[in-house]
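Order of writing sets the chain letters: A, B, C and D. Residues in each chain are counted from 1.
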Amino acid sequence: MVIVVKGNRQDKRVNELIRWIEAKDFTVQVNEGVQKTILGVVGDTAALDIDAISTFPAVETVKRIQEPYKKANRQMHEEDTVVEVGGRKIGGGHFQVMAGPCSVESKEQVAAIADYVKRGGAGFLRGGAFKPRSSPYAFQGLKAEGIEYLLEAKKRTGLPIVTELMSVSDLPLFDKVDIIQVGARNMQNFAMLKELGKVKKPVLLKRGMSSTVEELLLSAEYIMSGGNDEVILCERGIRTFENYTRSTLDISAVPVLKKLTHLPVIVDPSHASGRAELVESLALSAIAAGADGLLIETHNNPRCALCDGAQSLDEQGFARLMEKVNKLWAFMKSLK
Amino acid sequence: MVIVVKGNRQDKRVNELIRWIEAKDFTVQVNEGVQKTILGVVGDTAALDIDAISTFPAVETVKRIQEPYKKANRQMHEEDTVVEVGGRKIGGGHFQVMAGPCSVESKEQVAAIADYVKRGGAGFLRGGAFKPRSSPYAFQGLKAEGIEYLLEAKKRTGLPIVTELMSVSDLPLFDKVDIIQVGARNMQNFAMLKELGKVKKPVLLKRGMSSTVEELLLSAEYIMSGGNDEVILCERGIRTFENYTRSTLDISAVPVLKKLTHLPVIVDPSHASGRAELVESLALSAIAAGADGLLIETHNNPRCALCDGAQSLDEQGFARLMEKVNKLWAFMKSLK
Amino acid sequence: MVIVVKGNRQDKRVNELIRWIEAKDFTVQVNEGVQKTILGVVGDTAALDIDAISTFPAVETVKRIQEPYKKANRQMHEEDTVVEVGGRKIGGGHFQVMAGPCSVESKEQVAAIADYVKRGGAGFLRGGAFKPRSSPYAFQGLKAEGIEYLLEAKKRTGLPIVTELMSVSDLPLFDKVDIIQVGARNMQNFAMLKELGKVKKPVLLKRGMSSTVEELLLSAEYIMSGGNDEVILCERGIRTFENYTRSTLDISAVPVLKKLTHLPVIVDPSHASGRAELVESLALSAIAAGADGLLIETHNNPRCALCDGAQSLDEQGFARLMEKVNKLWAFMKSLK
Amino acid sequence: MVIVVKGNRQDKRVNELIRWIEAKDFTVQVNEGVQKTILGVVGDTAALDIDAISTFPAVETVKRIQEPYKKANRQMHEEDTVVEVGGRKIGGGHFQVMAGPCSVESKEQVAAIADYVKRGGAGFLRGGAFKPRSSPYAFQGLKAEGIEYLLEAKKRTGLPIVTELMSVSDLPLFDKVDIIQVGARNMQNFAMLKELGKVKKPVLLKRGMSSTVEELLLSAEYIMSGGNDEVILCERGIRTFENYTRSTLDISAVPVLKKLTHLPVIVDPSHASGRAELVESLALSAIAAGADGLLIETHNNPRCALCDGAQSLDEQGFARLMEKVNKLWAFMKSLK
């Protein structure tokens, strides 16, 4: 941590700050300039509070030089983390597509979709049983019943399932779920993240709509510091002024995350764009950018979808997409 | 709801859409143009899904013309809602300042702050017992113990207390809390909002960092549709590219909310700016813009604050602020 | 400037960087840590290129600790700059309202508006002769003829005039204009800013829609470093995800700018909100935040305005606004 | 255009609006509802002012249903536009890389870079002679001398050249330049766009940092409506809250633009990210998303670059990139 202060070491206010930091067992290196002095704080500064330091009257600016996350940090763990579920690997050169309907609507719907998702070559079935909706009057999901249908589809197809948790109190229902999804709106629901640190199954953590890459990694750190190392990160678009697309897919987040962390990184082009006709282009660009997987929304009858139909591919669209996805992934491996 | 479609009423695809909507008991008015046709949907369209409609192949654009929130809507409830707690009113011409430390740190700290907050003329004591922090390594609050200290300070000063809930499972601890705060990061924690709909005390709902005004009102609607009408809205800054301030206070949200809803609207200049030296200017501007109250961070010893010290006023600063706040509020009343 | 590098002073790559900076006549202070070394660069670093430094392989991060603007910097010029035009002062405790139509439409229109703008107590008449419009098919302004009408209205009322320059080649037409406005879209039209540095009249510089406060000050610096010290800054809203208002008025920019610079700061609530019904609240909040003036759009017949009618006040609305504006300004002076 | 109004056709205020629109030679279709009436305006509404309509007291909302650009619109011109310069084609299945230094620094530098850019297989040499810099104290480019050096490099290598225009008054110096670049900061410098409509050479139009896709297309329309149909669009990142990268590359803009317009679309991963280590991933993702070309910054000695060194690839990095770029482009063609 670097702190720029007014005055030099003899200055009473500067001295007060130095003693405060040293009292917390950090070493402070003092570098005096003409008008300003630079303090370098040595030690594990992750727990040192930038805001508290800012309040000292001598302080001009404070800047961290070390990332505040540890377990998620690639510097602490050089090799890629590979998450394995039901024999399927993701990360470290392994690629997976997780596909299915935004909302689980009926047993028949999930069964039909699971069948063609499997035929298309996806590794996981995903579907929403609990649905986060902006409006209390919109369809909120089939809940426990929805999870039942997903589990039946899993039995039928052998595809492991991914579904979203909206409340810690629902955790018992997720016992047989393979990957628990944390939605964008709950990325900083810290109480939930802490609970997921105690769970023994992988967590798919979606980036919040206005969260920085660093905040995403800190949320992963909440889960990991609780004891659960199997976190898959998902870029799903951030909120900007552009409103042609629902969110703006931050494609740069893929190589940035691959550099900063060892965790697998996947991309959700369906939610990012909110438009089915853009999904293929964005899915392919995500692979080219280095993503370890994709989250794709598909529906056997998009116009009847109870939510988010606009962004869903139908069966044919999904099959066409998968063909290109698989070819491009193989090609990108050859390019390295 | 207005839907623009390709083709006219005889067109098979247009016809399919019209029948689908009518099957849901809405009336569809058809207005044929040369190339496009405009459908007007009449009825309570709050529950009608824009995304589902978008998937119909004939559809070009869909636009709501009615706000999707009802109980929060001023059109349904013309007079200002006045929330009253412990004899203190907020909204409908009544102004309140809620002040205190970001984090409760000790019994002595809360007692000292509560004393001068009361002397300054604030109506409520606020302080964080459960703290939402980006990093798992940062101080997470004193939790139950913190609520104890707040309740003791309430007994001492008579000030009702406001504190943040981070998990539904902590609700029993909030039994004697006067106003439950929902933080910006939980504004769309819908499971929590639903629970708060069943609670019999006012909720202070802070706007999410990237939430629109409409989404804030829909989150209020979650609480209200559950049966709890006492919601106080709080503008606390949104996330933008400008990084001189921590967030960008969206001052326009004040008059916009006062127009769209009957609920009280308060402003948090401390979190919005993240800088104590800006709090006074922003607090005064909020009053001039029509806010019903302020949320102010203050600390008896800002440089020791365990979090967010940079934005805290000290005792003298708070007293100076309150003097101006009270004078300006009185003046603005005379201006109407 | 603080540079964090990998390795210590003896490291070849660190050494190379130090010599490169010293060759440019700066002093480098070296502060060695365990893994990283911190370099403090002493001297006038405004011209030192952060990006060039970033390319050195040893560099981890670079951070300026001095603002890169000088003439606009309050540290270099403590007292407020007061701009005086036609006996009217702005800045340093002097407040002015500049009002008029978005577009000059006819001689009669400008005359009528100028009359009531003066009656309302505004100090300046503003109106657009050259209009920046997103679409080439929208009305582009009356150009030279529009300036003529403004000058006639000036003769009639004595109000100095403010109007926007869109091309350096039009400068000769601005000979009798009192204040030249640079619009948000041209805030970083550096060729134009340089020309305005040579002009002997005040420049009203509007903040770009996605410009930081620092970039606004650097654009002012372009004008000032060319020899023209009379720059008035204008906050007019920034672009964010919120789309209820046209832009998001960054009210914090007012106290921030007043702290960083000695230049006068005014606010344009009409363009910021794009909604006439919000202008009053935002104008009053700007005064409470410390603004030195306002830019208000008004039109004798808003529904016929050739552009931007939605945000214009009519004569009665303007008169009502001015009454409150003047009272609040007087009150705020008493509050200090 | 669809207008939602309060009241029905007989309402005086509604009637006044209808007559105002009809007086401009548009047809108005009236669709009466219970509380609200929907007006459909038929005709070429590009020139009809949404803001003027909003001012009518009866109006609730107005929405365009036709894009406001014509010549740039794919609906008016189905086949891809192919821009051809010096035998090199871009668009319509033809791909080009434009590469070179951010700033032209010396004759030797440009010659050296041009040589290896050509060897790498780029089709164009780009380099900045006039440099838009936020600070007046930063290096502003070699100007006329820089263009000389570029022209010498063109003679030497046969590569056509691309360079940025910052002021219409410099146009005579661009006589032998092959493609004129309009920078992001000048995307809405409408006076310049109009002049470029009269020029007989292609224009490379970069998207403004806070411009929507629609505004970019309207700026292209300014050039095209002036008579110059050869516009190449460039996505170069937009401004968001995320600050790990300099801008956020809006990768979705590529497929969106390819759908809305027939003009060629290229991507600038160097400026978007501001980090050399991200350029490869972003360049490849742009190709996978459907871009017609790339703008790549490269420098023979990045750490001496007078500006933007941080984002420049060196000779080896550029060669490696080009190899992958060419392979991926060939592969993507085979995928269609």
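Assume a contact is a pair of C-beta atoms (placed from the backbone, for glycine too) under 8 Å apart; a residue touches a chain by one contact, two chains touch by 3 or more.
Keep in mind that this is a model prediction, so the values were computed, not measured.
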Shared chain contacts [chain B and chain C, defined touch]: A, D
A-D compared against B-D, more contacting pairs: A-D
Option in C-D, A-C or B-C whose residue-number contact pairs overlap A-B by over half: C-D
Length of the line joining the C-alpha centres of chain B and chain D, rounded to whole Å: 39
Intercentroid distance (Cα basis), chain D paired with chain C, Å: 26
Where chain A and chain D are represented by their mean Cα positions, the distance between them in whole Å: 31
Residues of chain C touching at least two other chains: 210, 239-241, 243
Residue numbers on chain B that touch chain C, as the complex places them: 210, 212-214, 238, 240-245, 248-256, 259, 272-273, 277-278, 281-282, 284-290, 324, 327-328, 331-332, 335
Of chain A, residues touching chain C in the complex: 2, 4, 29-34, 36, 38, 40, 42, 60-61, 63, 65, 239-241, 243
List of chain C residues in touch with chain D within their complex: 20, 46-47, 49, 51-52, 54-57, 68-69, 132-139, 166-170, 185-186, 188-192, 194, 208-210, 215, 218-219, 221-222, 225-226, 239, 274, 276, 302-312
